[in-house]
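After the C-alpha coordinates below, expect a handful of questions from me.
Labels run A, B, C and D following the written order; every chain starts at residue 1.
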Amino acid sequence: MRPYIRKINYYECDRMGITHHSNYIRFMEEARICYLEQLGYGFEKLEAKGLVSPVLGINISYKLPTTFPDTLQIELGIVQLTSLKVGFSYTMSVNGKTVCTATSTHCFMKEGHPVIMEREFPDLYEAMVELKQHTTH
Amino acid sequence: MRPYIRKINYYECDRMGITHHSNYIRFMEEARICYLEQLGYGFEKLEAKGLVSPVLGINISYKLPTTFPDTLQIELGIVQLTSLKVGFSYTMSVNGKTVCTATSTHCFMKEGHPVIMEREFPDLYEAMVELKQHTTH
Amino acid sequence: MRPYIRKINYYECDRMGITHHSNYIRFMEEARICYLEQLGYGFEKLEAKGLVSPVLGINISYKLPTTFPDTLQIELGIVQLTSLKVGFSYTMSVNGKTVCTATSTHCFMKEGHPVIMEREFPDLYEAMVELKQHTTH
Amino acid sequence: MRPYIRKINYYECDRMGITHHSNYIRFMEEARICYLEQLGYGFEKLEAKGLVSPVLGINISYKLPTTFPDTLQIELGIVQLTSLKVGFSYTMSVNGKTVCTATSTHCFMKEGHPVIMEREFPDLYEAMVELKQHTTH
(Lines give C-alpha, C1' and ligand atoms only; values in the text may rest on other atoms or scores of the structure.)
Protein backbone atom coordinates (compact mmCIF):
# COMPACT_ATOMS: atom_id res chain seq x y z
CA MET A 1 0.00 0.00 0.00
CA ARG A 2 1.01 3.55 -0.74
CA PRO A 3 2.07 5.65 2.31
CA TYR A 4 0.28 8.89 3.02
CA ILE A 5 2.33 11.97 2.16
CA ARG A 6 1.63 15.56 3.25
CA LYS A 7 3.51 18.79 3.80
CA ILE A 8 3.57 20.49 7.19
CA ASN A 9 1.81 23.84 6.91
CA TYR A 10 3.19 27.10 8.26
CA TYR A 11 0.18 27.58 10.56
CA GLU A 12 0.69 24.13 12.07
CA CYS A 13 3.91 25.28 13.76
CA ASP A 14 4.00 26.88 17.18
CA ARG A 15 6.02 29.51 19.04
CA MET A 16 8.92 27.07 19.44
CA GLY A 17 9.04 26.94 15.62
CA ILE A 18 8.01 23.28 15.47
CA THR A 19 4.86 21.43 14.48
CA HIS A 20 2.49 21.66 17.44
CA HIS A 21 2.10 18.19 18.93
CA SER A 22 -1.71 18.26 18.71
CA ASN A 23 -1.53 18.35 14.91
CA TYR A 24 -0.11 14.82 14.63
CA ILE A 25 -3.49 13.52 15.82
CA ARG A 26 -4.98 15.21 12.75
CA PHE A 27 -2.29 13.84 10.43
CA MET A 28 -3.16 10.36 11.76
CA GLU A 29 -6.80 10.88 10.78
CA GLU A 30 -5.75 11.98 7.29
CA ALA A 31 -3.57 8.86 6.92
CA ARG A 32 -6.34 6.58 8.21
CA ILE A 33 -8.80 7.97 5.68
CA CYS A 34 -6.20 7.58 2.90
CA TYR A 35 -5.59 3.92 3.76
CA LEU A 36 -9.28 3.07 4.17
CA GLU A 37 -9.78 4.51 0.70
CA GLN A 38 -7.01 2.25 -0.60
CA LEU A 39 -8.79 -0.67 1.09
CA GLY A 40 -11.85 0.18 -1.01
CA TYR A 41 -13.66 2.07 1.76
CA GLY A 42 -13.51 5.76 0.92
CA PHE A 43 -15.37 8.11 3.19
CA GLU A 44 -18.40 8.43 0.91
CA LYS A 45 -18.85 4.66 0.88
CA LEU A 46 -18.56 4.44 4.68
CA GLU A 47 -21.00 7.29 5.03
CA ALA A 48 -23.43 5.81 2.49
CA LYS A 49 -23.47 2.65 4.62
CA GLY A 50 -24.06 4.74 7.75
CA LEU A 51 -20.76 3.57 9.22
CA VAL A 52 -18.72 5.73 11.59
CA SER A 53 -15.55 4.74 13.44
CA PRO A 54 -15.09 6.77 16.63
CA VAL A 55 -11.65 6.92 18.24
CA LEU A 56 -11.53 5.09 21.58
CA GLY A 57 -7.93 5.90 22.44
CA ILE A 58 -4.59 7.14 21.17
CA ASN A 59 -1.03 6.42 22.25
CA ILE A 60 1.56 8.68 20.67
CA SER A 61 5.30 9.02 21.06
CA TYR A 62 7.14 12.11 19.77
CA LYS A 63 10.70 11.24 18.67
CA LEU A 64 11.97 14.26 16.72
CA PRO A 65 10.50 17.69 16.02
CA THR A 66 9.27 18.56 12.52
CA THR A 67 8.51 21.94 11.00
CA PHE A 68 7.20 23.74 7.94
CA PRO A 69 7.97 22.95 5.10
CA ASP A 70 8.89 19.35 5.97
CA THR A 71 7.23 16.57 4.01
CA LEU A 72 5.76 13.97 6.33
CA GLN A 73 5.30 10.36 5.27
CA ILE A 74 2.92 8.17 7.26
CA GLU A 75 2.82 4.38 7.03
CA LEU A 76 -0.22 2.76 8.55
CA GLY A 77 -0.57 -0.77 9.80
CA ILE A 78 -3.08 -2.80 11.81
CA VAL A 79 -1.87 -4.17 15.14
CA GLN A 80 -5.17 -5.35 16.63
CA LEU A 81 -8.31 -6.66 14.98
CA THR A 82 -11.34 -8.19 16.65
CA SER A 83 -14.97 -8.34 15.62
CA LEU A 84 -15.57 -5.04 17.38
CA LYS A 85 -12.28 -3.17 17.50
CA VAL A 86 -9.41 -2.24 15.25
CA GLY A 87 -6.03 -0.89 16.32
CA PHE A 88 -4.02 1.07 13.77
CA SER A 89 -0.29 1.77 14.03
CA TYR A 90 1.40 4.81 12.49
CA THR A 91 5.03 5.38 11.63
CA MET A 92 5.64 9.01 10.67
CA SER A 93 8.92 9.98 9.06
CA VAL A 94 10.68 12.91 7.38
CA ASN A 95 13.48 12.10 4.94
CA GLY A 96 13.55 8.51 6.14
CA LYS A 97 13.92 9.40 9.81
CA THR A 98 11.13 8.35 12.17
CA VAL A 99 9.77 11.46 13.88
CA CYS A 100 6.69 10.05 15.58
CA THR A 101 5.01 6.69 16.22
CA ALA A 102 1.46 6.11 17.39
CA THR A 103 -1.43 3.72 17.70
CA SER A 104 -5.16 4.44 17.71
CA THR A 105 -8.05 2.18 18.65
CA HIS A 106 -11.49 2.42 17.04
CA CYS A 107 -14.80 0.66 16.99
CA PHE A 108 -17.28 0.76 14.14
CA MET A 109 -20.78 2.04 14.78
CA LYS A 110 -23.97 2.08 12.74
CA GLU A 111 -27.03 4.01 13.87
CA GLY A 112 -25.57 4.32 17.34
CA HIS A 113 -24.82 0.60 17.73
CA PRO A 114 -21.51 -1.28 17.52
CA VAL A 115 -21.08 -3.25 14.33
CA ILE A 116 -19.61 -6.77 14.08
CA MET A 117 -17.29 -6.08 11.17
CA GLU A 118 -16.73 -9.59 9.83
CA ARG A 119 -20.47 -10.22 9.62
CA GLU A 120 -21.72 -6.92 8.23
CA PHE A 121 -18.72 -5.74 6.18
CA PRO A 122 -16.82 -8.96 5.38
CA ASP A 123 -14.86 -7.44 2.49
CA LEU A 124 -13.55 -4.54 4.61
CA TYR A 125 -12.79 -6.99 7.41
CA GLU A 126 -10.86 -9.27 5.03
CA ALA A 127 -8.87 -6.31 3.69
CA MET A 128 -7.98 -5.35 7.26
CA VAL A 129 -6.96 -8.92 8.10
CA GLU A 130 -4.58 -8.80 5.16
CA LEU A 131 -3.16 -5.41 6.16
CA LYS A 132 -2.62 -6.80 9.67
CA GLN A 133 -0.62 -9.71 8.23
CA HIS A 134 1.67 -7.25 6.44
CA THR A 135 2.15 -4.99 9.45
CA THR A 136 5.62 -5.38 10.89
CA HIS A 137 5.96 -2.20 12.93
CA MET B 1 -23.39 44.84 27.44
CA ARG B 2 -20.43 42.94 28.82
CA PRO B 3 -17.44 42.54 26.44
CA TYR B 4 -16.17 39.07 25.63
CA ILE B 5 -12.89 38.23 27.36
CA ARG B 6 -10.55 35.33 26.57
CA LYS B 7 -6.92 34.43 26.91
CA ILE B 8 -4.74 33.67 23.89
CA ASN B 9 -3.64 30.04 24.06
CA TYR B 10 -0.08 28.86 23.52
CA TYR B 11 -1.10 26.67 20.55
CA GLU B 12 -2.77 29.65 18.86
CA CYS B 13 0.63 31.28 18.26
CA ASP B 14 2.76 30.61 15.21
CA ARG B 15 6.44 30.39 14.30
CA MET B 16 6.76 34.18 14.45
CA GLY B 17 5.70 33.90 18.09
CA ILE B 18 2.42 35.77 17.53
CA THR B 19 -1.24 34.76 17.40
CA HIS B 20 -1.82 33.26 13.95
CA HIS B 21 -4.09 35.63 12.01
CA SER B 22 -6.62 32.90 11.19
CA ASN B 23 -7.50 32.51 14.87
CA TYR B 24 -9.09 35.97 15.12
CA ILE B 25 -11.91 34.66 12.91
CA ARG B 26 -12.57 32.06 15.61
CA PHE B 27 -12.37 34.64 18.41
CA MET B 28 -15.02 36.64 16.50
CA GLU B 29 -17.33 33.62 16.50
CA GLU B 30 -16.82 33.17 20.24
CA ALA B 31 -17.66 36.86 20.84
CA ARG B 32 -20.73 36.69 18.60
CA ILE B 33 -22.07 33.68 20.50
CA CYS B 34 -21.39 35.45 23.83
CA TYR B 35 -23.29 38.57 22.74
CA LEU B 36 -26.23 36.64 21.24
CA GLU B 37 -26.50 34.86 24.60
CA GLN B 38 -26.60 38.24 26.34
CA LEU B 39 -29.36 39.26 23.91
CA GLY B 40 -31.36 36.27 25.15
CA TYR B 41 -30.46 33.99 22.24
CA GLY B 42 -28.01 31.40 23.49
CA PHE B 43 -26.98 28.70 21.08
CA GLU B 44 -29.38 26.08 22.47
CA LYS B 45 -32.33 28.42 21.95
CA LEU B 46 -31.27 29.24 18.38
CA GLU B 47 -30.78 25.54 17.68
CA ALA B 48 -34.11 24.60 19.28
CA LYS B 49 -35.77 27.06 16.88
CA GLY B 50 -33.82 25.53 13.97
CA LEU B 51 -32.07 28.84 13.32
CA VAL B 52 -28.55 29.02 11.85
CA SER B 53 -26.64 32.15 10.87
CA PRO B 54 -24.05 31.40 8.16
CA VAL B 55 -21.25 33.90 7.61
CA LEU B 56 -21.52 35.67 4.25
CA GLY B 57 -18.35 37.69 4.50
CA ILE B 58 -15.63 39.02 6.77
CA ASN B 59 -13.47 42.14 6.65
CA ILE B 60 -10.62 42.17 9.11
CA SER B 61 -7.80 44.57 9.81
CA TYR B 62 -4.79 43.53 11.91
CA LYS B 63 -3.33 46.50 13.85
CA LEU B 64 -0.92 45.05 16.40
CA PRO B 65 0.32 41.52 17.06
CA THR B 66 -0.86 39.63 20.16
CA THR B 67 0.57 36.55 21.78
CA PHE B 68 0.13 34.00 24.55
CA PRO B 69 -0.70 34.74 27.39
CA ASP B 70 -2.35 38.05 26.40
CA THR B 71 -5.93 38.62 27.49
CA LEU B 72 -8.09 39.70 24.58
CA GLN B 73 -11.20 41.82 25.04
CA ILE B 74 -13.76 41.93 22.24
CA GLU B 75 -16.54 44.50 21.99
CA LEU B 76 -19.26 43.69 19.53
CA GLY B 77 -21.61 46.09 17.82
CA ILE B 78 -24.14 46.01 15.00
CA VAL B 79 -23.38 48.20 11.99
CA GLN B 80 -25.97 46.91 9.53
CA LEU B 81 -29.44 45.46 10.09
CA THR B 82 -32.05 44.61 7.50
CA SER B 83 -34.82 42.03 7.48
CA LEU B 84 -32.43 39.49 6.00
CA LYS B 85 -28.93 40.50 7.00
CA VAL B 86 -26.99 41.59 10.03
CA GLY B 87 -23.52 43.12 10.10
CA PHE B 88 -21.52 42.84 13.32
CA SER B 89 -18.50 44.98 14.16
CA TYR B 90 -15.67 43.84 16.44
CA THR B 91 -13.11 45.87 18.33
CA MET B 92 -10.45 43.62 19.84
CA SER B 93 -8.04 45.04 22.37
CA VAL B 94 -5.29 44.01 24.78
CA ASN B 95 -4.67 46.24 27.81
CA GLY B 96 -6.80 48.97 26.27
CA LYS B 97 -4.91 49.03 22.96
CA THR B 98 -6.86 48.12 19.83
CA VAL B 99 -5.11 45.16 18.18
CA CYS B 100 -7.67 44.21 15.53
CA THR B 101 -10.95 45.46 14.08
CA ALA B 102 -13.38 43.53 11.93
CA THR B 103 -16.89 43.24 10.55
CA SER B 104 -18.84 40.13 9.60
CA THR B 105 -22.07 39.81 7.66
CA HIS B 106 -24.60 37.06 8.29
CA CYS B 107 -28.05 35.98 7.21
CA PHE B 108 -30.39 33.84 9.27
CA MET B 109 -31.65 30.57 7.83
CA LYS B 110 -34.27 28.06 8.93
CA GLU B 111 -34.60 24.69 7.24
CA GLY B 112 -32.50 25.91 4.33
CA HIS B 113 -34.50 29.10 3.77
CA PRO B 114 -33.67 32.72 4.64
CA VAL B 115 -35.65 34.03 7.59
CA ILE B 116 -37.20 37.50 7.85
CA MET B 117 -35.98 38.31 11.33
CA GLU B 118 -38.43 41.02 12.35
CA ARG B 119 -41.40 38.83 11.47
CA GLU B 120 -40.29 35.46 12.84
CA PHE B 121 -38.05 36.49 15.74
CA PRO B 122 -39.27 40.00 16.66
CA ASP B 123 -37.71 39.94 20.14
CA LEU B 124 -34.24 39.08 18.80
CA TYR B 125 -34.68 41.67 16.05
CA GLU B 126 -35.64 44.34 18.62
CA ALA B 127 -32.63 43.48 20.76
CA MET B 128 -30.39 43.85 17.71
CA VAL B 129 -31.98 47.20 16.78
CA GLU B 130 -31.15 48.42 20.26
CA LEU B 131 -27.56 47.13 20.07
CA LYS B 132 -27.21 48.90 16.73
CA GLN B 133 -28.31 52.19 18.32
CA HIS B 134 -25.57 51.84 20.94
CA THR B 135 -22.85 50.92 18.44
CA THR B 136 -20.41 53.77 17.98
CA HIS B 137 -17.41 51.98 16.48
CA MET C 1 1.06 29.66 -13.13
CA ARG C 2 -0.24 26.47 -11.61
CA PRO C 3 -3.25 26.83 -9.22
CA TYR C 4 -2.96 25.51 -5.68
CA ILE C 5 -4.91 22.30 -5.11
CA ARG C 6 -5.78 20.73 -1.75
CA LYS C 7 -8.40 18.43 -0.30
CA ILE C 8 -10.68 19.54 2.53
CA ASN C 9 -9.90 17.46 5.62
CA TYR C 10 -12.54 15.79 7.78
CA TYR C 11 -11.45 17.77 10.86
CA GLU C 12 -11.83 21.06 9.00
CA CYS C 13 -15.63 20.63 8.90
CA ASP C 14 -17.93 21.83 11.65
CA ARG C 15 -21.19 20.79 13.28
CA MET C 16 -23.15 22.05 10.27
CA GLY C 17 -21.17 19.51 8.22
CA ILE C 18 -19.38 22.19 6.19
CA THR C 19 -15.84 23.56 6.13
CA HIS C 20 -15.56 25.99 9.04
CA HIS C 21 -15.22 29.51 7.62
CA SER C 22 -12.02 30.23 9.59
CA ASN C 23 -10.16 27.53 7.66
CA TYR C 24 -10.32 29.43 4.37
CA ILE C 25 -7.90 31.97 5.88
CA ARG C 26 -5.45 29.07 6.30
CA PHE C 27 -6.05 27.78 2.78
CA MET C 28 -5.21 31.29 1.53
CA GLU C 29 -1.86 31.15 3.34
CA GLU C 30 -1.12 27.76 1.79
CA ALA C 31 -1.92 29.12 -1.69
CA ARG C 32 0.20 32.25 -1.12
CA ILE C 33 3.20 30.15 -0.12
CA CYS C 34 2.68 27.88 -3.16
CA TYR C 35 2.60 30.87 -5.56
CA LEU C 36 5.60 32.63 -3.95
CA GLU C 37 7.49 29.37 -4.44
CA GLN C 38 6.49 29.38 -8.11
CA LEU C 39 7.75 32.98 -8.31
CA GLY C 40 11.14 31.72 -7.12
CA TYR C 41 10.66 32.72 -3.50
CA GLY C 42 10.08 29.57 -1.48
CA PHE C 43 9.81 29.94 2.25
CA GLU C 44 13.41 28.90 2.98
CA LYS C 45 14.70 31.59 0.63
CA LEU C 46 12.50 34.26 2.22
CA GLU C 47 13.60 33.12 5.65
CA ALA C 48 17.28 33.01 4.68
CA LYS C 49 16.94 36.65 3.61
CA GLY C 50 15.22 37.48 6.91
CA LEU C 51 12.05 38.51 5.08
CA VAL C 52 8.59 38.13 6.65
CA SER C 53 5.27 39.31 5.19
CA PRO C 54 2.72 39.97 7.92
CA VAL C 55 -0.97 40.14 6.97
CA LEU C 56 -2.41 43.65 7.30
CA GLY C 57 -5.97 42.80 6.40
CA ILE C 58 -8.30 40.29 4.78
CA ASN C 59 -11.56 40.63 2.94
CA ILE C 60 -13.39 37.38 2.31
CA SER C 61 -16.70 36.50 0.74
CA TYR C 62 -18.25 33.06 1.21
CA LYS C 63 -20.32 32.03 -1.84
CA LEU C 64 -21.06 28.31 -1.45
CA PRO C 65 -20.33 25.80 1.33
CA THR C 66 -17.67 23.13 0.83
CA THR C 67 -17.07 19.94 2.76
CA PHE C 68 -14.82 16.92 3.17
CA PRO C 69 -13.69 15.34 0.82
CA ASP C 70 -14.06 18.21 -1.70
CA THR C 71 -10.97 19.19 -3.68
CA LEU C 72 -10.40 22.93 -3.51
CA GLN C 73 -8.60 24.82 -6.26
CA ILE C 74 -7.20 28.26 -5.48
CA GLU C 75 -6.07 30.74 -8.11
CA LEU C 76 -4.02 33.63 -6.82
CA GLY C 77 -3.53 37.00 -8.42
CA ILE C 78 -2.10 40.37 -7.46
CA VAL C 79 -4.51 43.30 -7.38
CA GLN C 80 -2.36 45.93 -5.68
CA LEU C 81 1.40 46.49 -5.71
CA THR C 82 3.35 49.40 -4.29
CA SER C 83 6.88 49.65 -2.94
CA LEU C 84 5.60 48.75 0.49
CA LYS C 85 2.40 46.75 0.06
CA VAL C 86 1.05 43.88 -1.97
CA GLY C 87 -2.58 42.85 -2.33
CA PHE C 88 -3.32 39.28 -3.34
CA SER C 89 -6.65 38.06 -4.72
CA TYR C 90 -7.93 34.52 -4.34
CA THR C 91 -10.55 32.64 -6.32
CA MET C 92 -11.41 29.34 -4.66
CA SER C 93 -13.44 26.78 -6.55
CA VAL C 94 -14.70 23.20 -6.34
CA ASN C 95 -15.46 21.39 -9.60
CA GLY C 96 -15.27 24.67 -11.49
CA LYS C 97 -17.76 26.47 -9.23
CA THR C 98 -16.51 29.50 -7.30
CA VAL C 99 -17.08 28.84 -3.60
CA CYS C 100 -15.15 31.71 -2.06
CA THR C 101 -13.32 34.88 -3.11
CA ALA C 102 -10.92 36.94 -1.03
CA THR C 103 -8.17 39.51 -0.96
CA SER C 104 -5.32 39.92 1.54
CA THR C 105 -2.93 42.83 2.01
CA HIS C 106 0.65 42.39 3.20
CA CYS C 107 3.78 44.36 3.77
CA PHE C 108 7.29 42.96 3.75
CA MET C 109 9.48 43.37 6.81
CA LYS C 110 13.15 42.70 7.53
CA GLU C 111 14.54 42.86 11.05
CA GLY C 112 11.44 44.70 12.21
CA HIS C 113 11.52 47.33 9.47
CA PRO C 114 9.40 47.69 6.33
CA VAL C 115 11.24 46.77 3.15
CA ILE C 116 11.06 48.66 -0.17
CA MET C 117 10.55 45.66 -2.40
CA GLU C 118 11.67 47.02 -5.75
CA ARG C 119 14.97 48.19 -4.29
CA GLU C 120 15.90 45.27 -2.06
CA PHE C 121 14.28 42.34 -3.88
CA PRO C 122 13.97 43.58 -7.50
CA ASP C 123 13.57 40.06 -8.95
CA LEU C 124 10.66 39.19 -6.63
CA TYR C 125 9.14 42.63 -7.30
CA GLU C 126 9.42 42.09 -11.08
CA ALA C 127 7.80 38.65 -10.79
CA MET C 128 4.93 40.22 -8.84
CA VAL C 129 4.53 43.01 -11.41
CA GLU C 130 4.14 40.36 -14.06
CA LEU C 131 1.63 38.34 -12.01
CA LYS C 132 -0.33 41.56 -11.50
CA GLN C 133 -0.48 42.11 -15.27
CA HIS C 134 -1.97 38.64 -15.73
CA THR C 135 -4.51 39.01 -12.93
CA THR C 136 -8.01 39.41 -14.30
CA HIS C 137 -10.12 38.51 -11.27
CA MET D 1 -5.59 23.08 43.63
CA ARG D 2 -8.26 24.61 41.45
CA PRO D 3 -9.33 22.55 38.41
CA TYR D 4 -9.09 24.09 34.95
CA ILE D 5 -12.46 25.04 33.50
CA ARG D 6 -13.22 25.93 29.88
CA LYS D 7 -16.16 25.91 27.49
CA ILE D 8 -16.10 23.84 24.31
CA ASN D 9 -16.20 26.21 21.33
CA TYR D 10 -18.50 25.78 18.36
CA TYR D 11 -15.57 25.52 15.93
CA GLU D 12 -14.03 22.71 18.00
CA CYS D 13 -16.85 20.35 16.99
CA ASP D 14 -16.77 18.22 13.87
CA ARG D 15 -19.19 16.84 11.29
CA MET D 16 -20.45 14.24 13.77
CA GLY D 17 -21.49 17.18 15.97
CA ILE D 18 -19.00 16.32 18.71
CA THR D 19 -15.72 17.82 19.91
CA HIS D 20 -13.03 16.63 17.50
CA HIS D 21 -10.73 14.23 19.36
CA SER D 22 -7.57 16.19 18.43
CA ASN D 23 -8.77 19.17 20.47
CA TYR D 24 -8.45 17.34 23.82
CA ILE D 25 -4.66 17.41 23.32
CA ARG D 26 -4.96 21.22 23.25
CA PHE D 27 -7.22 21.29 26.31
CA MET D 28 -4.56 19.26 28.13
CA GLU D 29 -1.96 21.91 27.30
CA GLU D 30 -4.27 24.65 28.60
CA ALA D 31 -4.79 22.72 31.85
CA ARG D 32 -1.05 22.06 32.25
CA ILE D 33 -0.26 25.76 31.88
CA CYS D 34 -3.02 26.63 34.39
CA TYR D 35 -1.64 24.20 36.99
CA LEU D 36 2.01 25.23 36.49
CA GLU D 37 0.84 28.80 37.10
CA GLN D 38 -0.82 27.66 40.32
CA LEU D 39 2.48 25.99 41.27
CA GLY D 40 4.16 29.37 40.92
CA TYR D 41 5.54 28.76 37.46
CA GLY D 42 3.50 30.81 35.01
CA PHE D 43 4.61 30.79 31.41
CA GLU D 44 6.45 34.12 31.60
CA LYS D 45 8.54 32.86 34.51
CA LEU D 46 9.38 29.62 32.69
CA GLU D 47 10.26 31.59 29.59
CA ALA D 48 12.34 34.11 31.53
CA LYS D 49 14.36 31.18 32.86
CA GLY D 50 14.73 29.78 29.34
CA LEU D 51 12.84 26.64 30.33
CA VAL D 52 10.73 24.67 27.84
CA SER D 53 8.97 21.35 28.45
CA PRO D 54 8.49 19.40 25.22
CA VAL D 55 5.92 16.61 25.12
CA LEU D 56 7.51 13.17 24.80
CA GLY D 57 4.32 11.16 24.62
CA ILE D 58 0.58 11.14 25.21
CA ASN D 59 -1.83 8.38 26.13
CA ILE D 60 -5.49 9.34 25.84
CA SER D 61 -8.73 7.47 26.33
CA TYR D 62 -12.03 8.88 25.05
CA LYS D 63 -14.96 7.81 27.27
CA LEU D 64 -17.92 9.95 26.26
CA PRO D 65 -18.43 12.54 23.52
CA THR D 66 -18.68 16.23 24.41
CA THR D 67 -19.99 19.13 22.36
CA PHE D 68 -20.48 22.88 22.24
CA PRO D 69 -21.49 24.50 24.61
CA ASP D 70 -20.44 21.95 27.25
CA THR D 71 -18.26 23.17 30.10
CA LEU D 72 -15.21 20.96 30.53
CA GLN D 73 -13.45 20.57 33.86
CA ILE D 74 -9.91 19.22 33.92
CA GLU D 75 -8.17 17.94 37.02
CA LEU D 76 -4.45 17.49 36.70
CA GLY D 77 -2.20 15.26 38.75
CA ILE D 78 1.36 13.99 38.61
CA VAL D 79 1.83 10.25 38.22
CA GLN D 80 5.56 10.08 37.48
CA LEU D 81 8.41 12.31 38.60
CA THR D 82 12.13 11.78 38.13
CA SER D 83 15.01 14.21 37.85
CA LEU D 84 14.48 14.38 34.11
CA LYS D 85 10.86 13.50 33.42
CA VAL D 86 7.41 14.35 34.64
CA GLY D 87 4.19 12.50 33.87
CA PHE D 88 0.91 14.40 34.22
CA SER D 89 -2.49 12.76 34.48
CA TYR D 90 -5.72 14.42 33.35
CA THR D 91 -9.30 13.67 34.30
CA MET D 92 -11.72 15.60 32.10
CA SER D 93 -15.37 15.77 33.05
CA VAL D 94 -18.65 17.44 32.08
CA ASN D 95 -21.30 17.81 34.78
CA GLY D 96 -19.39 15.41 37.01
CA LYS D 97 -19.18 12.64 34.39
CA THR D 98 -15.70 11.64 33.25
CA VAL D 99 -15.51 12.11 29.47
CA CYS D 100 -11.81 11.61 28.86
CA THR D 101 -8.68 10.53 30.75
CA ALA D 102 -5.09 10.99 29.65
CA THR D 103 -1.46 11.11 30.64
CA SER D 104 1.38 13.09 29.08
CA THR D 105 5.13 12.76 29.62
CA HIS D 106 7.52 15.72 29.41
CA CYS D 107 11.13 16.57 29.98
CA PHE D 108 12.44 20.03 30.80
CA MET D 109 15.01 21.62 28.52
CA LYS D 110 17.16 24.73 28.78
CA GLU D 111 19.18 25.98 25.82
CA GLY D 112 18.72 22.66 24.07
CA HIS D 113 19.87 20.54 27.03
CA PRO D 114 17.85 18.45 29.48
CA VAL D 115 17.56 20.02 32.92
CA ILE D 116 17.83 18.17 36.23
CA MET D 117 14.79 19.68 37.87
CA GLU D 118 15.56 19.11 41.55
CA ARG D 119 18.96 20.75 41.19
CA GLU D 120 18.16 23.72 38.99
CA PHE D 121 14.54 24.44 39.93
CA PRO D 122 14.18 22.93 43.43
CA ASP D 123 11.07 24.98 44.30
CA LEU D 124 9.19 23.82 41.19
CA TYR D 125 10.39 20.27 41.82
CA GLU D 126 9.15 20.41 45.42
CA ALA D 127 5.77 21.73 44.32
CA MET D 128 5.51 18.85 41.85
CA VAL D 129 6.48 16.31 44.52
CA GLU D 130 3.65 17.61 46.63
CA LEU D 131 1.15 17.51 43.74
CA LYS D 132 2.24 13.91 43.10
CA GLN D 133 1.47 13.00 46.71
CA HIS D 134 -2.05 14.35 46.35
CA THR D 135 -2.70 12.64 43.03
CA THR D 136 -5.13 9.77 43.42
CA HIS D 137 -6.28 9.23 39.87
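FYI, a contact is a pair of C-beta atoms (placed from the backbone, for glycine too) under 8 Å apart; a residue touches a chain by one contact, two chains touch by 3 or more.
Keep in mind the model is a prediction, meaning the values are calculated, not measured.
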{"item": "Chain pair with more C-beta contacts, A-C versus A-D", "value": "A-D"}
{"item": "Maximum centroid distance from subunit D, chain identifier (CA atoms)", "value": "C"}
{"item": "Inter-centroid spacing, subunit B versus subunit A (mean Cα positions, whole Å)", "value": "36"}
{"item": "Whole-Å gap separating subunit A and subunit D, where each centre is the average of the chain's CA atoms", "value": "25"}
{"item": "Distance between chain centroids, defined by C-alpha means - subunit A, subunit C (Å)", "value": "30"}
{"item": "Of all residues in subunit C, the ones touching two or more other chains", "value": "10-11, 22, 26, 29, 68"}
{"item": "In the complex with subunit B, residue positions of subunit C that touch it", "value": "16, 21-23, 25-26, 29, 52, 54-62, 65"}
{"item": "List of subunit B residues in touch with subunit D within their complex", "value": "9-11, 26, 29-30, 33, 42-44, 68-69"}
{"item": "Touching residues on subunit B, where the partner in the complex is subunit A", "value": "10-11, 13-15, 17, 20, 22, 67-68"}
